[in-house]
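The following pair of complexes shares a single chain, chain A, combined with chain B in the former and chain C in the latter.
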Partner chain A sequence: MATTAQISITSADLMPGSALNITASTTLTKAGVTADLDQKESGVIKLVSGTEYRLGPLATEMAGDAHDIASYLYVHNKTTEDATYYVDWGIHETMIGRLYAGDWMFIPWNASDDGAEIEIEPQGGTNIIEYCLFNSDVILPSAAA
Partner chain B sequence: MATINANATISSDIASYPVTISGEMTMTKSANPSVGLEETTGLRTKKFTTTTAAVIVEHDELTDDKAHKVYIRNASGSRANFFYVAYNASAAAAAEAETIGKLYGGDWMLMPYNGNVNITVASSTATETQYLEYMVFADGIEAAKG
Partner chain C sequence: MATLIPTLTLSSTDATTDLLNFSITDSLNITQDVVGPSKVKLTTSDLEIGPTSYGKSYVYLKNTDDTIAINIEITDGNSTMQLAAGEFAFFPWTGAAGIVAFSASGTPYLEYAIFEA
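Up next is the complex of A and B:
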């Protein structure tokens, strides 16, 4: 039950005379061990601008010591609009970067506590994102009695 | 103008049906998505022998509120050790604001970065040497002032 993540970054003209060719691959495992991650959640969602959304679970929705949970998040902005459309992403209420149309990101996520949630805020209009979260210890909400 | 292509392939058999995610992007400027990024801080490799937090990206070298991209890889081999990676002026730790995640041996990340706060890392171990590779693809570098 393995999940591998590979990247290549290439450019022939960013540094003329020294072509850039970065490649890397990693197998996503549970925190601190070599056992594979064994859960994931994914989706494609339309997000209306002007609202901050939480992406993925809270730390308290995952079992064990949240500090020791290894999670990895892939997000791809599938919007095809102009540069006024982007998705701010961040941790809690601190925005870290902008995911413009066509951009993707892949990060490890700490999930240290409920104040370390992944937040996204679309700008410019409705943005469409594809996401996939790989983790190991999500707890489903209890069903209502 | 340069052309920088970044492709990700994530393959998983967690589910009973195989999943393959392919992401392709050309890094472009925030003001014009048809113009490629053309500046970089270069690819750096840094050795860490202590757990003291260190700044690897100084935000004041970059233009604020832009479409920078940051690539970071833990070039060490151990899955027992990691680097905290944080969006913070000087710290990186478990519950520090805003620690993004833990980059275990072999792990890599690529994230959009607005250039408003430093990127800081801290090794989880002082007994084993760890190596970090990192590179900023910049949407505006502020020239150093004399």
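Up next is the complex of A and C:
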């Protein structure tokens, strides 16, 4: 499952006389090795505001030791509402940033332990999130007896 | 005020039988401070590349090393990302907690930029 991520960041007017043109590309692999990741999960979800949600599995729900647990997370806020609508994102209880309408993010998430889970919390109203997660094998929980 | 246009493309021919190939772009108004594309040598000691003096910002990070991983913490001690060789990240950041970088070993170089909205 060779998956490639490419980014370009451009601006014609950020720094006068020097147009900005950053480009980078990487192939998504398991941590510490060049082997491809095994699983992909993606979707579009509606989330009501005021509730914290966990996006993606916990470390202990993924196969392998800590060095195998690498994930790549893409999140896009598809909401078309005004700036009062946004999604806070963070690691565990640490809020890191806000995705406003149209904003996206891409990170290599270090799922080192269960206290490093990705949390998102919509604000302002119902937000629509598109996401894609590339990760190591997930161990499904046992069914209820 | 300047306009920043970040674009991400994800592609794969074998992730699933449905080919993965999409691009997403955004148009961001940048009105405050900017750290233009910069490159810094890291060690295994913490180096704060994003101080809390920043407000709402967008952050670009790239590990330029061929082998050594770079650890990123947002709030000291909170492991957030590990950039393996050649990997990059782009994310919105509130500036509420500083961004700290350090190497897993050796002295890799980190490329980074910060754009304050």
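In this section, the second predicted complex is superposed on the first by the 141 of 145 C-alpha atoms of A that agree within 3 Å, B and C clash if a C-alpha of one lies under 4 Å from a C-alpha of the other, contacts with A are read in each partner's own complex, and residues count from 1 in each chain.
Note that in this section a contact is a pair of C-beta atoms (placed from the backbone, for glycine too) under 8 Å apart; a residue touches a chain by one contact, two chains touch by 3 or more.
What you are looking at is a predicted structure, and each value in this text was computed from that prediction instead of being measured.
For the composite obtained by overlaying on chain A, chain B and chain C cannot both be accommodated without a clash.
When the shared chain is aligned, chain B comes close enough to touch A:S71, but chain C does not. Applying the stated contact rule after C-alpha superposition, one finds that A:Q6 touches each of chain B and chain C. Once the two structures are overlaid, the count of chain A residues touched is higher for B than for its counterpart among chain B and chain C.
Put simply, chain A uses residues 1-15, 20, 22, 24, 26, 29, 31-32, 40, 70, 74, 76, 89, 91-92, 94-100, 102-110, 112, 116, 132, 134 to touch chain B in one complex and chain C in the other.
Of all residues in chain B, only 2-15, 19, 21, 23-26, 28, 30-33, 37-38, 40, 42-43, 67-68, 71, 73, 79-80, 82, 84-85, 87, 94-95, 97-104, 106-114, 117, 135, 137 touch chain A in the complex they form. Those residues of chain C whose C-beta lies close enough to touch chain A in the complex are 2-16, 20, 24, 26-28, 30, 34, 36-37, 56, 60, 62, 69, 71, 74-75, 78-84, 86-94, 96-97, 113, 115.
By the touch criterion given at the top, residues 1-15, 20, 22, 24, 26, 29, 31-32, 40, 70, 74, 76, 89, 91-92, 94-100, 102-110, 112, 116, 132, 134 of chain A touch chain C in their complex. Those residues of chain A lying in contact with chain B across their complex are 1-15, 20, 22, 24-27, 29, 31-34, 37-40, 42, 67, 70-72, 74, 76, 82-83, 86, 89-92, 94-110, 112-113, 115-116, 132, 134.
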